[in-house]
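Order of writing sets the chain letters: A, B, C and D. Residues in each chain are counted from 1.
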């Protein structure tokens, strides 16, 4: 693989992740949000796979395949299941902030991410580290989604964005995370999503909606 | 969207083959050859004609392939497609619409009510047929309601395609 | 005091209409003459060197020092060029509106004071001229003092302009003491912490004069209520002196400063541009709209100054120089189209008594000349090609686009955001100006007053035509202003270079950077295209039946009434909705039901008011605080002369103890 | 400037003026094909134009000269755009003004003339269309300029000829993240600017949902023909610009031969036809957005433009 091709793949993969994150904020229908998360998982997996192929590192390739299986297939499938149980009228993300303002916020967050990671990329500029700003932007957008969304499933989507961003940062900054760490983290995420799945079920049974604002009722 | 795509590809072309072009009606104007924009005016119809008109412009009969198109304003139109018997409330609007259409214009009366008051002849709110309200009717489409074929044939007699 | 001074001349006016006419003509010509002198002096200063003048006896302690350098000369030309047509315009306008003698006297003095500001060569002289200018403008704002709104606006304006003056005074005093000199030519470097203090104070003071957010609130109050020629002078000339102050003090004398100065200027400029244009696009009072548009344009100019400062510090001197040229050129363009806009609005006001766009309309028929002239002004304010503001906005965008080559983080983040802000400002200003021109002048009259409009006096039209010619020249051949701008820009440290940054010719090129524009060629090509379109429309013309005039298409119903037209409020409603979070309009709907049945409606009242949200948020608390403080202080005022004397004695004692 | 450059300019103008109605015809035909209909044929818009030009002129009472002049101005801006934008050859006679910002300005000028005409009719629908059009146009402006900014970073100039020359010599500059983001942003704004679905439905009959159509409701005959011709040319130029900014292959050089000019005409015809087919196909499967959802779309495209610029600034190697 030529260095320029590798650079192009990393560019597009990190850009694709950012684009998917932006679209998650943009779209309202939870079904398409889940599809976008699967796409983002695909882009995320492309980073270690491309790096593994480029550097000739088999372990990295295996990590990439594992990431692909988990983030692009498994987790979206779990989320889709949680969503399928929702009544059709409640499959929207119901953000706390209107979409246009959210998008402008995302623009700001991206700029902040680019600005704060600048010293990092200036330290050692390689193909991989140059994409760190985008990964960091994905982390911030994930946090933003978690803050501004009501629906439990879209909370999970925000959490996944956050985790995808962290994983991407890890892949880009180190020459491959040890497999055991990656597996441990992924297992955590899997459990988290399962917990959220159970939580939505519970919420629905209790309040008839997976709206997290309903939890405020429990205070009294 | 994938589902629609598949459906569109599976169904394919559903328009019926066109019969040979009819002879030009005496009222046909050379200026409207090949292209006619139509403003539809419901002067008091029972909506039977409307259903047939929408059929004529639908995928099966497809009036658009003969150069006819429905438009949103009489200013854009060459032809007024008037359906129904002219009721008292629609008399003035019908006249205004005809006046607002730039010349050369064609008035097409669609359906028996528009031609000769049809079944509503003696009803209390009726002013008259289209011919009695407007100066002239250039093209007549008989039938209650007229079939889409009849409508298409009438339109083609103007566009001559 | 005020009643005596102003009421006596009004009585006079009634007795001697002839003398009033002479007064108007005298005041107008004096204004125009002073303006012409300003232009001449400015040109001399720009191209030659005006002698430095010192009049020691005029001001105690320091004397008056006059020194007109090319930068001051540029502003002197600008103010003079605005004052000449405004003077001509005033001849007709003041006669029509029956101005009192005080205003007639103050108007030329106001222009002279503004010219004195540009010529001031020392801090005391500058402050003196500044205060004279502020005082004169306040007197002019209250010309029509019988109306309560005018008095309230003038009070608001006077308070804000004095507070701004205090900021400038303190800032300049700190500067003078730290440098030990008060002549501009003898100034040296200001030590670091003080320099920042001076910068903040002067930017606040000059920014309030320039109408920058958040100190813009007086503009939207004073400009609509002031007589139109005064609005034109204030908006096109006086406000630009705020920018002059920022350039003179902050960029030339104590600058170029650190990076955060540039970022602050960019932020303040962007905020002003966006906020101003947003308010303009939802305003329904045409003069208020123009006033907010001034905030918007001053914001763009401040952005250009900030960009110039930022880029010169980031190692992009060419782009920095282009930004500086953009700032000065836009000042000229703004002076042209804004004075024209206010004069045309004044012409409408004189003819119909209307400022409310919702009641105007259909003026194109009775007032064709005014309509065309307002159209020229509006096109200039849009920043579109063939308009006066296009080339300067193009230069600003080019400077920002070419900025990012330097690879600096702040620049890399600021440039795209600034381009976005400039673009949104342009887009919204088009919306605002289309509304002002379309709703105000086209279609059919929305009120009896608009129906009975008549074209204005010849002197007013002449004045406006002069300015319109200026607009057209700036739009199509900005090379006419190139020499003046180039000389003035050379004074600014961010743009000082041997080679000119922008090569003005028939084709404007940016030496060293790619990019060119040719407004003249564009206009010629446009005319050719217009002819082509005319020819294309002749095709098949002989077959057409004769053209007819018909009533409007009313969907079959009888004729539409003018009340069914879109108004300025309804025109701006989508924008108001989009920017709901920023504008925070207060609207409510009252539905009155019929007495017989709840299902029948007898009346629906819709009220929509867009106040200045910033004003409410920022100013109200301050005003309340001041009021509360005043309540406290009032306890000390009990009317006893003895107590007051005691206060005085106490004060003297304290001073003696402190100054011991 | 050589003779051939002028010839190339003439060929370009002719291609756009003749081709624009055909483009509309093609898009209608694609739509008809997806709906299973026969369609009026690609030539139908030309037949409509010819007929409209032979019809009676109507001046509605109460309108001013703006109403009469607007179709001419709108058409003039479209012709001007067709002359400025490098469509067939990069070195047009108007190269000094072929700056993308000027092009955007000219585009906007046409919009302004159209909205003023809408207001001038004095009908509720005219004002409504004008108000909506200007709102959308104002919000489109930042995105266009940012996308242009992003594209101009590798070249260091916003001159269209220079932009295309850079892409020709270095194809990698558009096959990058910046290129893709800028492309998506530009597609969105072109859809909004040309009044296509999902922003505006050009085939609607319902006045209350109209944007562009509402402003031309009062026009009849020749003036209507000019308006429709102009808006078709506008769409054509925008699509050609999009095609040439990202895929300039086939465009003739500064001093072209006759063969190169012909190749240029052929290439741009194919490119625009492909884009138009794709656009029309997308439109079949799309519903119109609510008017107050349009700002969301434009905010999204603004974000993409901003990302394009920042990624161009940060990913330069």
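Throughout what follows, contacts are C-beta pairs under 8 Å (C-beta built on N, C-alpha and C of every residue); 3 or more make two chains touch, one makes a residue touch a chain.
Please read these numbers as outputs of a predicted model, since none were measured by experiment.
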{"item": "Middle chain, criterion being Cα centroid separation", "value": "D"}
{"item": "Most heavily contacting chain pair (counted by C-beta pairs in contact)", "value": "C-D"}
{"item": "Most widely separated chain from chain C, with each centre as the mean of CA atoms", "value": "B"}
{"item": "Between chain C and chain A, distance of the C-alpha-averaged centres to the nearest whole Å", "value": "49"}
{"item": "CA centroid of chain B to CA centroid of chain D, Å", "value": "34"}
{"item": "For chain C paired with chain D, centre-to-centre distance based on mean C-alpha positions, whole Å", "value": "35"}
{"item": "Whole-Å gap between the CA centroids of chain B and chain C", "value": "58"}
{"item": "Multi-chain contact sites of chain A, meaning residues that touch two or more partners", "value": "100, 111, 114"}
{"item": "Residue list for chain B, restricted to those that touch at least two other chains", "value": "31, 73, 75, 100, 102-104"}
{"item": "Chain C residues counted as touching two or more neighbouring chains", "value": "412-413, 417, 543, 545, 550, 553-554, 578"}
{"item": "Set of all touching chain pairs, with the criterion as stated earlier", "value": "A-C, A-D, B-C, B-D, C-D"}
{"item": "Touching residues (chain side chain D, partner chain A) in the complex", "value": "172, 175-177, 180-181, 295-296, 299-300, 302-304, 306-307, 310-311, 314-315, 317"}
{"item": "Residue numbers on chain B that touch chain D, as the complex places them", "value": "1, 4-5, 8, 11-15, 18, 31-37, 59, 62, 64-67, 69-73, 75-76, 78, 100, 102-104"}
{"item": "Residue ranges of chain D in contact with chain C within the complex", "value": "50, 53-66, 71-73, 75-77, 79-80, 83-84, 94, 96-97, 99, 101-102, 105-106, 108-109, 111-112, 115-116, 119-124, 126-128, 130-132, 134-135, 137-142, 144-146, 149, 152-153, 155-159, 162, 217-218, 221-223, 225-226, 229-230, 291-292, 295, 302, 305-306, 309-310, 312-314, 316"}
{"item": "Parts of chain C lying in touch with chain A, wherever the complex brings them together", "value": "409, 412-413, 417, 578, 581"}
{"item": "Chain A residues within the chain C interface of the complex", "value": "100-101, 111, 114-115, 118"}
